[in-house]
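Some structures are shown below for you to check.
Two complexes, one shared chain (subunit A), two partners (subunit B, subunit C).
== the complex of A and B ==
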């Protein structure tokens, strides 16, 4: 992060005045700090995706195939027919501008091509110029343009500056969703092999090893063992999780990021402790899978088909193990995929007939809202347990924490999981304050690194995109003394710590089940002196 | 520049009608044939666009959820912003179509010293849009009195409500004032707000000027030129009953008005004005949000997809799995061959 300007300087540079020249006359300028490195061709090849080749965004020549325009046109035509959303969003925008200042990347960068309407116009102008009668005849006069290599570069640059968070679609009078435009735009770019490596390599890893990080089965066991050691040190209780166990009641799938990096690891320890508690107290049999060891789905950021290929593992593994239903961990885009795509994509092909409508044997609750997909979010699951008094919780252990809640964009706008995590959080912490209206719930801001943009090389972009979220956190920090930002998303847990360190260094980031596990009292556990992070519990500080 | 082009275009269209219906005496063309043709283009074009959209598939359930989902029985669901029933979806669509629900959320961002960002409420666009669309609707409904005999009570009622202030003769219609003000606001906003000006195209200015031209020519006829209403009605009734007549002496302003309306109708299906139909078909608003409860079926299939099966996975990692006591489907010796 050496080239990154100081926060004050970055902020002072935000200018919402658009350039004098018409946007079609402003050539694309690919700036270091705002773009991600090109996909490693080996990763693209591993998935048999088209046109794997080595290229560099800063080069003039991107090594495109000779018939690249034809590929794009055919791809565009096909998708206009396959996706009504895309077709309608190409046709009906009235450019009212309501979306313009709703995008976190626009708010933080001032780049007019980060206004959702203009991001969509980048593609819409080509649609008009090449596909509509009006546009073909009158061209530029009616906002149409031809597809040139520069236009393609502009697409690439700006479709990888959108985190598909859908905030703009909340404000659009027709519900035009830039995520749909970006998703299709990236799909078209992928036809030419133009993915970014922070997406392509995790996807290839996930395909092969079952998770984005490429953790092989033995290493995954080692990592979980390591967490169990820590838990034993802190609580005196050693969890004995099961893996790939046939005949278990429930298959648990969570993003692999939680196994790998702080503070997600503490959330992962939280899951382990919760399941151990439920096993000891109520005999609940939850198993993890090494084959389906990834809840997240970077295939979603590549193409609908790639999303399907990665997602299929969850149902296939549930079938092989014979579990009744699937429980999903804390993750954002994973839940967009699970809630809105999974059952349609893979239900008919891979969901075993013997799977049951999810029900919690401990409380008797039937999760009717997951009747068809047969997958429950762990916040729904834990909220139900707490409501029925099935967990022994001691809030005082979290007394040092003044929590605020970051609604992750995908669970907020692609699902509506708003109250469940708040209920759980308020059950395990004493001090909770929401950020101001307009920055939470359905109007929540992206962390700045969603949709595969959490690479190191685009740190400036991430800090710009992280500004609106951090700004709201800063407000409750200064006004109410909030010192912890909670979330149910693994990407958030990877992105927000950096963004907090940059904008609001006094605030840390945690997952929901880290807080649950800190408060969870096991029968026969030893007196805890620290929380899962190894920090002294309130009242246990050294004299 | 784009605004000027559009303005010029609308003037040219008005001049075309002025010359055609006035100097060249082509009243029949401008009073009967062109309007008739325009209506035909509008109806056929509008339907074709809707059918064309309808032909595109809706592969996934992708509503934008704007409130609490249906989940546990004791958590209060937002049944309108995150509907899980058809009734809820209908309510959501009605709020969107009739009250512009989403636009009502509009905010404006501002930067302040000390790296501070604020979001202020900004309802003017919502108000302007609502005023524009509803006064337009009332004006269109009012005009039906020219095309009906006897005039239905509802339409007569709307007209007398609209003229309730009883100012001047002929009495002033409230919607005329609101409409001109709203169109003016929408135009000024487009030119003054830098971001909106930056994204505006000729197709954004042109319909505004065209609609303004229609409004002003209509207002001029009613309040100033005082066109012979009886003749106008005769012509209009002739149009809808297919007994086409062109009464003498209606005045050229009427033909300009008619021609601009005709242009608007013919332009409609080709333009962004189709948002009128499109808003009903937008999958982020008109779909049930309970997508884990009900399976949405994709009408098309992915062809020749390759999956990485568990067997392939175990074959690659069996040794390492056995080493960590993970259960395997095939014993090691067999796989080690």
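== the complex of A and C ==
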């Protein structure tokens, strides 16, 4: 008996260290919890995208067409020719590693293929190996490799583990936008019908019905009616929003998530109250559309072509209704598309037929930054109203809230909207504390579920990706007593509640206009006892 | 030799080895990153591992209730519970501490005295391992609960809209 090894000694011999190998030799291991389900072929078909078929990422056979390599090569060649940025990004990376530790998915997982440099290298290595003379001759010696089914699977797995947040690009000395590499990578995968369903089905719904959930016009109006009932109960004021009104001053477009998912619904109630206030006080005429009922643009996560198709509907609707300009709600990627892509997708000539350079009729402010797009972010709009003293606000109603601000990637990094939301927030809450430097503003951490990754089945990925953001929230919660995380993005409002529940359960999530509406004092309103969530206002607890 | 004194004298080296036992379960590049920057916001995982390991170690070598380790152990396991490890790998670093201490102790005292010296303290580590199972499962159950709630609220809303729920079910 005495010769038997001790349990501890036996245990010590179990080695959990992953084998060391060059990244090209580490085979892709598709793990449940990190990937989203394959696209429903009906949705792919509806959009006329190629090779709609049923497939499962865990199967060996992904149902690829016989000439799949040729399709990818042709697609890659076309895009190298069409997008100069992409061609440059393929050629100029010196693999300095400045971006390597900046991705929230790498920071949270430690998976090297989530380092932006390596994620891009997945595609770049094939470009080198198949498209450059040097790479064709020297192969792996110069970082080139051939396109095999395993390489394709690796592309799919990791390009759908990137939320296209562009934090990595902030640190690249060459200005390489790795998100653009992901965008092209996904576009190539779509040529083979390899999308995920959390993107493909919302895109099909949006294309057909006008919003991601496929909500029909009457149901959309029903939902907004419910909100008006609740607002009336809380404030005694019943908003009377208009829909599809020709000749209105402004068309309002917001992500449908605000209409159907908490806590976005409270933000939506906030919009309704703000517009009602502006109508009663200043005669502002804002209309909602049941056709362009989606600000979000998941086409952006599919291909440039689908992004263009979905983006156009807002402008077609604005043209049809004859409004002066468009006011956009609290959305993330809608703004990235509008700000960075729209001008070359649908062009100013197309969408400026009848619209004017946006100006706020109440304050006279001209939004010159939106001269081309004709579209103003609601945080800019509200900040302008507050700056000119046009809103009667009572901060005390938000006295139980200690707010910190999550800069949403697309609005912060994508369009530089850093000060306006903070200005509005500080005007409506008494306690505001920013998270530490390096975690906010242009260096903000992604929520972990952007770019179509907020599916239920990839929760581990979202939790890992959400860790750096949650870690900074935890810090201000523990140090300063922060209990609310504000943001201006519907995806954030969908992703962050679960992330907070897991990492910092004492902190809730809200949109900006929920706070604005809580503080907004209507002339003649009844004394409010609760906030928009139906929770007692500070000082009303015992009454 | 008194074990408590040994643990205190060797705290730095033992904590480093213990943190290393966690970090070596990651691929090389990831492990290198977690061992690197000590900025708690740029490297939250590595920073949590290092600082929480130290605090747990101090409680282990004191007479304090082992449950006092729960918050710090939870900090580590909350991260590992979402990183795709099997439960045995996620928790492997806890019992590994016994072997780390035993190896180091073996350099200072004769081999036949190690078992006796370490016996009572080893039970504290075993107890920590048990707490670790509870904490790990709490994390996993929370994730499953979130998933279930998501499906539940989706279905509930549809049923509500179709007027297929009784009033009390709508309220609930």
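Remarks
By our rule, the second predicted complex is superposed on the first by the 519 of 543 C-alpha atoms of A that agree within 3 Å, B and C clash if a C-alpha of one lies under 4 Å from a C-alpha of the other, contacts with A are read in each partner's own complex, and residues count from 1 in each chain.
The rule is simple: contacts are C-beta pairs under 8 Å (C-beta built on N, C-alpha and C of every residue); 3 or more make two chains touch, one makes a residue touch a chain.
Keep in mind it's a predicted model, so treat the numbers as computed, not measured.
Partners subunit B and subunit C clash in the overlay (superposition on subunit A). Of the two partner chains placed around the shared chain by superposition, subunit B and subunit C are both touched by A:101.
When the shared chain is aligned, subunit B and subunit C each come close enough to touch A:115. Touch criterion met: A:418 reaches subunit B, while subunit C stays clear of it.
Applying the stated contact rule after C-alpha superposition, one finds that A:439 touches each of subunit B and subunit C. Looking at the superposition, the partner that touches the larger set of subunit A residues, subunit B or subunit C, turns out to be B. In the superposed model, A:464 lies in contact with subunit C only, and not with subunit B.
Residue contacts after overlaying the shared chain place A:18 against subunit B and subunit C alike.
Residue contacts after overlaying the shared chain place A:501 against subunit C, while subunit B stays out of touching range.
Clashing C-alpha atoms with subunit B appear in just one stretch of subunit C from the list 39-47, 57-65 or 129-137: 39-47. On subunit A, the patch touched by subunit B and the patch touched by subunit C overlap at residues 8, 11, 14, 16-18, 100-101, 107, 112, 115, 438-439, 467-468, 471, 503.
Residue ranges of subunit A in contact with subunit C, taken from their complex: 8-9, 11-12, 14, 16-18, 20, 26, 31, 33-34, 100-101, 106-112, 115, 219, 436, 438-439, 456, 459-460, 463-464, 467-468, 471-472, 475, 498, 501-503. Note for the complex: subunit C touches subunit A at residues 24-31, 33-34, 36-37, 39-45, 78-79, 82-84, 89, 92, 95-96, 98-99, 102, 139, 142-143, 146-147, 150-151, 161.
Residues of subunit A that touch subunit B in their complex: 7-8, 11, 14, 16-18, 23, 48, 80-88, 91-98, 100-102, 107, 112, 115, 117-118, 121, 133-134, 141-143, 166, 169-177, 180, 207-210, 216-218, 221-222, 243-246, 290-291, 304-305, 308-309, 312-313, 316-317, 320, 338-341, 343-345, 347-348, 365, 367-373, 375, 380, 383-384, 387, 412-420, 423, 438-439, 441-443, 467-468, 471, 474, 503. Against subunit A, in their complex, subunit B makes its touches with residues 5, 49, 53-72, 74-76, 78, 81-82, 84, 96, 100, 102-103, 105-109, 111, 115-117, 119, 125, 129, 193-204, 270, 272, 274-275, 278-279, 281-285, 289-298, 300, 302, 305-310, 313-314, 316-317, 320-321, 323-324, 326-327.
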